[in-house]
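Order of writing sets the labels: A, B, C and D. Residues in every chain begin at 1.
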Amino acid sequence: MSLDLVIRNGTVVTATNSFAADVGVRDGVIVEIADRIDDPAASQVDATFQLLLPGGVDVHTHMDSLSFGMQSADDYRTGTIAAACGGTTTIVDFAHQQPGQGMLETIEAWHGRAEGKAAIDYGFHAIVADPTDAAITELSQLPALGVTSFKVFLAYKDGPMVDDAQFIRILATARDAGAQVMVHAENGEMADYLQRQHVAAGKLAPKFHASSRPPRIEAEATARAIALAEVIGTPLYIVHVSCEESLEEVIRGRERGVDVVAETCTHYLYTSGEDLERPDFEAAKYVFTPPPRDRRNHQVLWDALARGDLEIVSSDHSAWSFATQKSRGRDNFTRIPNGAPGIEERMTMVWQGVNDEHITPNQFVALTATNPARRFGLYPRKGTIAIGSDADIVVWNPAAERAIRQESLHHGVDYTVYEGEWVEGGPRTVILRGEVIVDDGDFTGAPGAGRFIHRAAVERQTAVS
Amino acid sequence: MSLDLVIRNGTVVTATNSFAADVGVRDGVIVEIADRIDDPAASQVDATFQLLLPGGVDVHTHMDSLSFGMQSADDYRTGTIAAACGGTTTIVDFAHQQPGQGMLETIEAWHGRAEGKAAIDYGFHAIVADPTDAAITELSQLPALGVTSFKVFLAYKDGPMVDDAQFIRILATARDAGAQVMVHAENGEMADYLQRQHVAAGKLAPKFHASSRPPRIEAEATARAIALAEVIGTPLYIVHVSCEESLEEVIRGRERGVDVVAETCTHYLYTSGEDLERPDFEAAKYVFTPPPRDRRNHQVLWDALARGDLEIVSSDHSAWSFATQKSRGRDNFTRIPNGAPGIEERMTMVWQGVNDEHITPNQFVALTATNPARRFGLYPRKGTIAIGSDADIVVWNPAAERAIRQESLHHGVDYTVYEGEWVEGGPRTVILRGEVIVDDGDFTGAPGAGRFIHRAAVERQTAVS
Amino acid sequence: MSLDLVIRNGTVVTATNSFAADVGVRDGVIVEIADRIDDPAASQVDATFQLLLPGGVDVHTHMDSLSFGMQSADDYRTGTIAAACGGTTTIVDFAHQQPGQGMLETIEAWHGRAEGKAAIDYGFHAIVADPTDAAITELSQLPALGVTSFKVFLAYKDGPMVDDAQFIRILATARDAGAQVMVHAENGEMADYLQRQHVAAGKLAPKFHASSRPPRIEAEATARAIALAEVIGTPLYIVHVSCEESLEEVIRGRERGVDVVAETCTHYLYTSGEDLERPDFEAAKYVFTPPPRDRRNHQVLWDALARGDLEIVSSDHSAWSFATQKSRGRDNFTRIPNGAPGIEERMTMVWQGVNDEHITPNQFVALTATNPARRFGLYPRKGTIAIGSDADIVVWNPAAERAIRQESLHHGVDYTVYEGEWVEGGPRTVILRGEVIVDDGDFTGAPGAGRFIHRAAVERQTAVS
Amino acid sequence: MSLDLVIRNGTVVTATNSFAADVGVRDGVIVEIADRIDDPAASQVDATFQLLLPGGVDVHTHMDSLSFGMQSADDYRTGTIAAACGGTTTIVDFAHQQPGQGMLETIEAWHGRAEGKAAIDYGFHAIVADPTDAAITELSQLPALGVTSFKVFLAYKDGPMVDDAQFIRILATARDAGAQVMVHAENGEMADYLQRQHVAAGKLAPKFHASSRPPRIEAEATARAIALAEVIGTPLYIVHVSCEESLEEVIRGRERGVDVVAETCTHYLYTSGEDLERPDFEAAKYVFTPPPRDRRNHQVLWDALARGDLEIVSSDHSAWSFATQKSRGRDNFTRIPNGAPGIEERMTMVWQGVNDEHITPNQFVALTATNPARRFGLYPRKGTIAIGSDADIVVWNPAAERAIRQESLHHGVDYTVYEGEWVEGGPRTVILRGEVIVDDGDFTGAPGAGRFIHRAAVERQTAVS
């Protein structure tokens, strides 16, 4: 049978292998990998001197999100175009329950946000922000709808924070339903207390964001979440590990056999508390949670990624306009909406860890595509280059050099925390299910072409050692 | 171009992926992997309902070896036929320097042992047992000959044991030559002291093999080897980790950034100190070093394999005839030659960990093929199923059931430590560089068809997390 | 000046020293220690072949307590007579705030319970069980009244449990007031959840008390309490550490510099989960919280006491009548009032650790008198034998042997968990501020003779290494 | 009976207690401690506003020592006068076996060095530097002579270093004889290798002393010594722990139940690698082994002392003349004799830790007197203020201020590493067995008045927690 697309002369890179090969695609699926494919094909891409990577999988994004009483600057159109341009072909986005809303209604709402707009494939995690009895009951129905991960916040008091009783119920519900639970791990009561102390003391500048959320409160909540998940027996996922203190808790949990996996986010590998001291309110761009930490944590996190104690790098893309939204906290850091964009920068910034010899190209693939796809029930359809997998492929030019500039990014927000960073290596061509959606940096796809991915129930993680 | 071999209808399993595909081979190399290969081929293998695994890579074997003043019961012919029948297509065998012998001469001698006899591919590690100045100088020449790992014994006083001064010189030589150092980690002085104490006290039965080599002396030497390699900056490999105490040292070393990788061996996953109490001198079959430990270590080791703290399972195949060689220690356990066979049983026994849900099929591939090939410079030629890799493929029947019986094994020795174990899953057809060498349990290859593999210098391990 | 009392020919034992000496007392205070005191004295005690120990200090008792909707079986009269007969001359008892009650009122109420009844000296900790704004405000006034420790429960939902927000406020209040915080560390939400699960599943027998409160939930709350106290900067005291899991959290906290001290209780050194399987509802006698654990923890706890990782052994004396109060839970373990008596048995049972060579006589003194007195602001008035200290002295007969029997105990409750234990060593004569209050096992003191001890603000612990 | 001496109006400080009292002495022994001693006495000392501390016990000194082919600058006369002036009344000095010498002969030789010269009491440890069969056999006789600790060096190749076989024999001999083993823990082979590498590379300045002895080689040998002592069952003492890496090994050993105690030395609390960069060869004054480490270790060590993970502070007094002996290494750091003086500075410098609130006065007493006396069989005769103990008492003036200056020290060497340090608190009057030997800074005792102390066999350490 004839092929729809052949990518020729590239070097395929998976979490395990790197080899020169042509890749043949039919009906959006990879059907052939061979030293040379002579068969005719409807179209072809030349990948001489290029790497062929599985399309990035970003499992921590906040698109079109209502938080802190504001609408995020990226909707599904701008956000997924940015993702595509950065080499990401699948996201698992947070469907964020609003107060009073049901969980089914929440998922429905998110379908509405994505449909007709998403330029890449997508799945949903359900944020349980108002854990009423009704909401928890509805959670059990979500796996049947392809939503197999529920997220809770242990921070953000008077916001989406859940208490331990609610958390335990959600853990038990998830376990019984075949879902995992994701945790934003900070002790929210302590963060709230420290924020109020800071405010009362007139400590209002952005830098106090860090001192009001010290590493110990992240470590505490991490340890607690792991202990509770251990007792209930629910697979657990710790989002945005930022520092050695909480990493240590993850390691301890794993060594005693708890099914816990953890991610860090791109910005914890590059930013630090010093950024919170930038003048002219620039610091507000770096107000995300957990806050940027001491520089020494960069090496700690890279080592943990290389060693496998952290398995995934996500973006935690949260787009708040510096000009119009971050500015609300100009006089009081507690009013700055938390978060930073990063969906387009993620693949390129993590790749710098290959250049710097923190990780190998295969580890890069594992961290940005294979591991997230596996942990979140997208695999083997997503996250690898293999026969039968979706033809989500990034033609990656390891020799491309450029500075990251806000003006060349595609997201809907007005800044990047990596402004001016000189980078080497990046996506040249991005292919989604056999269709070229980014060509030489230009988005050529179509909003609405992205499909919802029904995710599988979580199984025990099967990390390659 | 036409293909030499097509394997149809199987499920390819790599360290990362599992997918249904046909595999095409030309000139002994995998050239095509596709959902369906219609091209004609000189030969074909049907793999319906079968898994296609990379041929096993066993990096810890002792073939045709002179130790304890005896010749081992397996030469390259019997030993590699047994390996092939068990699903292993590459070994890295120990070229064991004899007193007074040079290292080049040692390697040469091993080439002589292997040539014309080896039924599968092979490489050599160099055991440095008599570290004269001349020997150490010659070590530097071995990487150019494809021998990029040097092994030392920190035990076996009055035998191959090296002292710290010698060990340090070898570490430094290896580092400069692009080789890694493998360590048998037990405090040899303490083992010697305890053996003499036992003998003096009339404690001569096989069970005293265990009490004369307690876990702490393994842990001590493991910690010491890691510390010395850390200071010198040499990649290190710890052979046959048998217990939690030494595993803990490996974990600590890795967490502080030392390039150390460790294996366990098949028998530590199944045997225990209780086997050393078997009557009628049966216990002698279980006299290997380190000795079998408490049963609780089985779970500890499986967990470490699943988590990636141990990366490889080897056989440490050492074939001493129970009837004629083990028997020399009937009256004194210190005279029992240490070691047990296992090259044929390894793949099947480790697969039972898949059945028991200790590990996944992908992890099985990583532990038995991909990781050892990577760590020992055989990769990507060996250890995976990928375009350009040698077509070393095991057609694995996950449904085959049988009891392990000495009479159906192919090794040259007269017993197996797994006698009577009921197993599920095993190799049906074994292919070496595109040639079927085992068909339905029968060896169909040719002694002498195995080739020496020139191994690459060691690089920092690139474990997929 | 003449002496009121001389104790002759004994061997003084302090936390540091053991030496033969006579001890002279005037006005209730030790004024002379000498190889021989020839001075005349109003009275004298001969202590030939006896040890002179500081009177026991028990900092964890519940006298005349209203909990679980019941009145405890011991009031101050019976409870402190039992204490005296066991060799304890000072208690720090829990003044337990009732719902709606103020803290000052609570302390006042406890003064009322003790006055005219207490046979030994006493101080109060304040249990904050209803942390209203008013109650927390009043806490600040307690140190001026000699109450310098506030206790919270992280367990007992729908009872005295506080949440993290309340706990943090109490920590901050304590820090500012010069008090320490004591914590009952179990995750109360999880205990509540597991209890309800057990009940729903018809698991109602006493043995389910253990499975509804697994070690991990104790360890979790211990870690959390330490983390929160660390951030706030408040001295912390962990009551009743029962197992290795929570001990590990204490050790970790101390190694990172947190001012946290922990106790275990006598019964964790002797009872185990097996006691919860005793027939005929006998098991209910062993329903205390945390529950008795696996036997292997006995050695773990003794080692921690010897090493200094645990610094104090308390009784957690909680007297619930087996016949009339424990029996309320005959059909449902969750209705069994939690607790066991032990104030009279504590000194003798811990001394068995001297006989068993777990600890030395000096360590015994440290664990039962010196360390609790130091940590709780009673020192140097209480807890040691030194010039100027209160003449609270136990003449201890190391050679006395007997079986512990309920009928020979003085407490107001109808059982002992040590029934039938054969013990060696015990108090012969007990002296409170120079007055003999127990003579050869008979109480000779007077209810009401005990005085309230105004305790000092807490300072950083100064453990002798 | 009348008293020989009364010390009036001071505050007695022991490892446990601090209280105002008069102290009465008869026949060199403390016989009375009382709030007020009115009895007449032959002599008296007024200690108003002063503390009464047990005389310092320094268990790590090298007097009149032949090492590195040189005679140390202090003999027993100058060295013990310096000790006395610093507040130390007992030393346990190293009797250092010379090559070919027997152990009995070694002890005899040291008696010869001390007799007629020692101004304070003294005991001996035996350094086993040439562990011939004869020497090891003789070791067993030393406890009967009051020498109950044997020291080995795991460093100093081609000098006193022992190998593991010798170390194991010495451990076993000590265990059987009732002695403990003291270990200088550095991997001597690695130190030797690194020294030769440095010299070969022309790295000859004093600062390379540090890089040739990195923390890891201290940690390695510490771990090894603990493991070997654990297997043999011998009480172990680690001398001069200098850094976190080796401290961690001590902690791990203790937590698994090994009878291991460790000291640090005064200079590790105050000096650092920066001192090895001092100009004009000043750096050579700081060449001791292990070398001074990173400053961050100061806090680590103080914390460990406060927590009890390190139990003793010794001086490791090694007096090499800067002008005539240190200078031999001007062109090659490996020829600088290792060591620094400190016997006179020890008590005062450790007291600064009280001023700085690292430790309490009671902990000071424990670290400098009680714990060393206990661990080394001098207790209760030495190391405390108690009835029956030798009247070795330091009248300590906590208010005295001065700068440490070489010209005011009494040792026989020409420098102090604390030159110019401003200190508060120090010895005013020093009393040895009831005789004033230092009065207001002047030595008033007599060389030769010191007595050899026959030490008891070691028992399991009984640290007060």
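As a convention for this text, a contact is a pair of C-beta atoms (placed from the backbone, for glycine too) under 8 Å apart; a residue touches a chain by one contact, two chains touch by 3 or more.
Since the structure is predicted, the reported quantities are computational estimates derived from the model, not experimental observations.
*Asks:* Quickly list, by label, the chains bordering both subunit B and subunit D.
*Replies:* Chains that touch both subunit B and subunit D, as defined above, do not exist here.
*Asks:* What's the chain with its C-alpha centre farthest out from subunit C?
*Replies:* Between subunit C and every other chain, the largest centroid distance is to B.
*Asks:* Starting from the mean Cα coordinates of subunit A and subunit D, work out the distance between those two points in Å.
*Replies:* Between these chains, centre-to-centre, one finds 57 Å.
*Asks:* Round to the nearest whole Å and give the separation of the Cα centres of subunit A and subunit B.
*Replies:* Here the centre of subunit B sits 39 Å away from the centre of subunit A.
*Asks:* How many angstrom between the C-alpha centroids of subunit C and subunit A?
*Replies:* Spacing between the chain centres: roughly 51 Å.
*Asks:* Chain pairs in touch?
*Replies:* The list of touching pairs comes to A-B, A-C, B-D, C-D.
*Asks:* Contact residues on subunit B for subunit D in the complex?
*Replies:* Per the stated touch rule, the residues are 157, 163-165, 168-169, 172, 187, 189-190, 192-194, 214, 216-217, 219-220, 223-224, 227-228, 230-231.
*Asks:* With touch defined as at the start, can you tell me which subunit B residues reach subunit A in the complex?
*Replies:* The touching residues are 12, 14-21, 24, 31-36, 251, 254-255, 257, 303, 305-311, 360, 362-363, 366-367, 370-371, 380, 384, 386-389, 462-465.
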